[in-house]
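Presented sequentially are two complexes of subunit A, the first with subunit B as partner and the second with subunit C.
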Partner chain A sequence: MSTLSEHGIGGIFQRYPIITRILKNILIFIVTMLILSVVVFVIARLAPGDPLVAFYGDAIETMSDAELDAARHRLGLDGSIALQYVRWFGGILAGDFGLSLQYKIPAMDVISPLIGNTLILGVTAYLVVFAIAVVVAVFCARYEDTWFDRAICKIGTATYFIPSFWLGLVLILIFSINLGWFPSSGAYDFGMQNNLLNRLEHMVLPLIVMIASHVWYYAYMIRNKFTDENRKDYVLLAKAKGLSKNVILWKHSLRNVAPTIVNLMAISIPHVLSGTVIAEAVFNYPGIGNMAVAAAKYHDYNLLMLLVLITGAMVILSSIVAYMINEVIDPRMKDSGGSVWEK
Partner chain B sequence: MGEVTDSMFEIVGSEYREYVPGNVKRSRFAVLRKLPWVSIVVLSVIVLGCIFAPLFCTHDPSMFYLDHLNEASSEEFLFGTDSLGRDIFSVIWFGGRTSLAIGVLGTVMITVIGIAIGCVNGIVGTRADTLMQRAIELFHSIPTILLCILLMALVGTQNVLTLSIVIAITGWFALARIVRSEVRQIRANEYVLAAKAMGSSFRHLVFAHLLPNIIPAIMFVVISSVSSCITMESTLSFLGLGLPLEIMSWGSMLSLANRALLMNTWWVIVIPGLFIIVTLTCITTLANLFRKESNKKSSRL
Partner chain C sequence: MDNVLELRNLSISFTSPEGTINAVRDVTLDVHKGEVLAVVGESGCGKTVMCQSVMKLLPKNSKIDRGEIILDGTDITNYSERNMRKIRGKDVSMIFQDPMTTLNPTIPIGKQITEAILVHNKISREDAKKRAIELLDLIGIDDPVHRFNLQPHFFSGGMRQRCVLAIALASNPKLLFADEPTTALDVTVQAKILDLLLEVRDKLGLSIVFVSHDLGVVSRIADRVAVMYAGKIVEIGTVDEVFYDPRHPYTWGLMSSHPSLVKRGGELKSIPGMPPVLINPPDCDMFAFRNKYAMKADFEQMPPMFKISDTHYAATWLLDSRAPKVECPVSLRKNDDVMEGCL
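== the complex of A and B ==
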């Protein structure tokens, strides 16, 4: 207590800088989410089409004025836009995200059973993509400028140009329609929700699509970072010591490339989520991406707003986490404050 | 010292430009031979084919040949017909016009927005710059495709112009970032200071010094965005949020894919996709011409 009284509340922050950083990150997260929610809300309210019509359909023409007012009140459409926003935001804090205009039930109830499906697909794809990317990158760097490296670079660039939805269509055409190896749609067969094998079977094709459309971009970046690293003096020293190439790459270079990989993993989250949207839509996989497409077609803004906010929160949170992980694995970052990624 | 050799200009680090010795002049023939001729020829064939489509297309692309639904390729219908009975060969060339138009239109908009915002970002003071960077990061935190879906739902009408605008609104971040860093580098140069000291106006600074210097740096991104616009168009149209079926494009052709899957008619899916991929590959090969080559030391591994 004595330190507290001597230095006041600022003393804690001075003694434990980690607390300052965590508080700062939480503050950044809250502020960005606030701004994001305002932007999303205003955009959704400016949109053409009356939400009332979207919710009640033709029934609106036969309603009396009192009924209309009640209906507006129920959907939170009365009052100025600022008031509407405050009410909507207050509702969010209380866990109420508004009604889905299409399904007439709370938007959160529509989405919550789907989040799990998307997370399973997204997280699996994410981990597999980066595992493959690092291995491919190391091998390319190991055999830099040999036929092996060049062949992989050519193949990788070629896969990068294939639109992912089209790849999905072709895979369905080949493997589920003509060969019948994998199911073409859904996340599980009816009543097999907890059957892991059944889920895996449904996930193979979407996973291939997501891996093929993402892996090369990251593998190439990591490969280039490794080849840059190979030109540094410490590699020469390690080689002079008699270490094998594999040891140098996996033990010495990898440690220096790790911050880049973590940064890439943070930046890649919106991309991978984009990938899930497309993969889910092609394979009719019940997830939030597929739901977003359906909601957009129906002009279900309440649902869309929620989906955008959820994905935004996931992305911002993960980038903060990545930044903090980077500080742990690379102490140099603490002072510079910048990321190694942006040059 | 004697003569100047390349090895004297090997600088360590990744952020330097290639040293091109002034006295070595590459012959015109050598320059020409280095161009990616295959890509240029293929891309020209596609572009010219789309422009002059009415001259060689034997069928009306908007005609529904109802007694020729889902036919495989034959002499009459070179690429077969789709589930509406349209001749795919004609639809490809006429639809290519729309796809390429969106690619070019979207790129023009991306370039204008990207340069404008990047320049402002590079010129304003540190605090405003940080604020704008944060704003860009915020936008970036929403997956592009989700942002496009949201905006397409908001726009309501679906045509070439609105689709290009939506694609441009979601696609300028990368370009703005490059322009910003280039501008910051350039404005620290002495010649800008000299020009300012001589009393040149802001407009003169921008058009005489800034723009000519950033153009080489952004060429790669600008040309690549043609391909990203085409991809985005086809993805959105496939999802049913881009162009409707009446407006022919490579993307809207693929929106028939689900029916094609049911009928197992592969040509409806494969042919537009191949056209998209070939076009994208050619465009990117061209874009690679503008990439700065970093001079490489030999590996120490």
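== the complex of A and C ==
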């Protein structure tokens, strides 16, 4: 407590540099989100298709000018684009993301029941993809240039180039229609949405599609990072010390590959999640990926802007978290030094 | 046993897409106990390959074609990876050219040293730490207790090379390969590292094989010098013999290209051409193609090692009794001048 009274608030920052870093990152997050919101809004307003038409459909042809003005006002389409943005952004701060032009209810209400479905599918796929990728990569690097590594590389490349939608259809044909093991569509059977087993059954085929289309991409990147690392001088020194190959791989190389894996995991979140779009489309899985496609088709800009903001927030957050984790793994990345002078 | 290392007719080749490269050809070499043997030659003459072959650190596409490697009385030519691991770091160690890359950037110096101690010694972690701090002290790192926990990026190049040396000395090896350990350092640091190597040699009584292409450095540190060309040893002898009474034209070329060895006012000459590519080398003196003193015999048959004194041998037909007398064309400085002139 003495530091508090001696140095005040500044003392906390000095004592716990982590607090400063977190505050800095929160600031970065806010600023980036602001910029993103402007860009998203401007693009949505510049895109073809009149939101008014999207909302009212053919009805606008019979509307009087007064009615049209009232409709514009209701959808927040009157005034300059800057004014519209300020109004829209103010709404967001109050938790109002505007009406979905297609469903005529608040955009958030359209999405909220679907977010859960997509997150379950996406996060599971994401975790499984990286678990498999790291293990495969380590084994390939350990047995680099043996028949094992070569076989895995060829099989992996082949799986990567199978089109997702085609694989999805083949899986449906084999496992749903011929064998009848797994359902071909939906996220759960009617009334079973809290039944984990039922959800899992529905997820198996979409998961396979997503894993097949992503895993090798990441496994190969991590494998190559490992094999690059294994050619470095410090590995030679570790070998000259008398360490075994496994110890070198797990204790020396992995530490240097880890930042790459973490970065890769962070930037791949949107990539893997976007993989849900195709899986959701093929398996008619009710999620926001499917919804985003529909919203774009329907010129439902309020919905689309909300979806983009959610995805954007996820990307920015994940890269900030990745950066902070990397600082812990590789201390060279710390921007504020200071530890040199500590006793 | 007077010899720590004996190489008997050692030949090493690499398979490459262009063909088999005979990197080391029929090398016979003894390293005496407690001596510093310098191996000099241009880049690509097989110096590093020869050293790494003893520790079996060469990449997978290399192969020992012929010959024996006898380390401290034991033939290790056919040792398996498992057996080599017991030797590496314990009986024979190596330090490398670039200290900036030979240490693992993510692991504290102290841990990298204790790791080397713990591989070969069954002692507790605390004892290993004590020993590591002793080592840091021995190799001249100030404040080793504090620096023990720092990552390599806190250290300068010279300090890092000292740390690499500490790792190499962790288990009191009998033989140390120093593969151009001062090439990447600036001159003042070079001199300190050389002094340190000699000091360590005297304290621990180990033998050092010092690979270098810098004759100035060699004259300062070595007891004996082996001159390598195209994967063969072409001249070997004590420092005095090789530096002041060189017999092989290649050694003459090396001498006359070094500023501090040539008499003031004398002409500096580079050796024309480049070392040959060692794919299917012809059975002749490989230096003949760059040698203005080459005779027909040089192109037709490999010269044997001619004995000049008990310690001095050279492989050139010029030493044959039938050959014309050719004087060393370089006007070399006197002994003391050279020692002054270098470094």
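Note that the second predicted complex is superposed on the first by the 296 of 343 C-alpha atoms of A that agree within 3 Å, B and C clash if a C-alpha of one lies under 4 Å from a C-alpha of the other, contacts with A are read in each partner's own complex, and residues count from 1 in each chain.
Rule of thumb we're sticking to: a residue touches a chain if its C-beta (ideal position, glycine included) is under 8 Å from a C-beta of that chain, and two chains touch if they have at least 3 such contacts.
Treat the numbers as computed from the prediction; the structure is a model and nothing was measured.
When both complexes are overlaid on chain A, the residue A:Leu27 reaches neither subunit B nor subunit C. Contact with subunit B, but none with subunit C, is seen for A:Pro270 once the two complexes are overlaid on the shared chain. In the overlay built on the shared chain, the residue A:Lys232 is in contact with subunit B and with subunit C. Shared-chain residue A:Leu243: touches subunit C; no touch with subunit B. Among subunit B and subunit C, the chain that touches a larger number of residues in subunit A is B.
In the superposed model, A:Arg255 lies in contact with subunit C only, and not with subunit B.
After overlaying the two complexes on the shared chain, residue contacts for A:Pro163 are found with subunit B alone; subunit C is out of touch. Residue contacts after overlaying the shared chain place A:Ile43 against subunit B, while subunit C stays out of touching range.
Contacts of subunit A with subunit B, set against its contacts with subunit C after fitting on chain A, overlap at residues 145, 232-233, 236, 239, 343. Across the complex, subunit A is touched by residues 12, 14-15, 134, 138, 140-147, 149-150, 152-154, 156, 227, 231, 234-235, 238-241, 254, 257, 261, 264, 266, 269-270, 273, 276-277, 280-281, 284, 297-301 of subunit B.
Those residues of subunit C that touch subunit A in the complex are listed here as 55, 57, 60, 85-90, 93-94, 96, 98, 101-107, 115-116, 119-120, 146, 151, 153-154, 164, 167-168, 170-171. Of all residues in subunit A, only 145, 232-234, 236-244, 251-252, 255-256, 329-332, 340, 343 touch subunit C in the complex they form. Looking at the complex, you find that subunit A touches subunit B at residues 32, 35-36, 39, 43-44, 46-49, 141-142, 144-145, 157-158, 161-166, 169-170, 172-173, 177-178, 184, 227-228, 230-233, 235-236, 239, 245, 248-249, 270-271, 273-274, 277-278, 281, 289, 292-293, 295-297, 299, 301, 304, 307-308, 311-312, 315-316, 319, 343.
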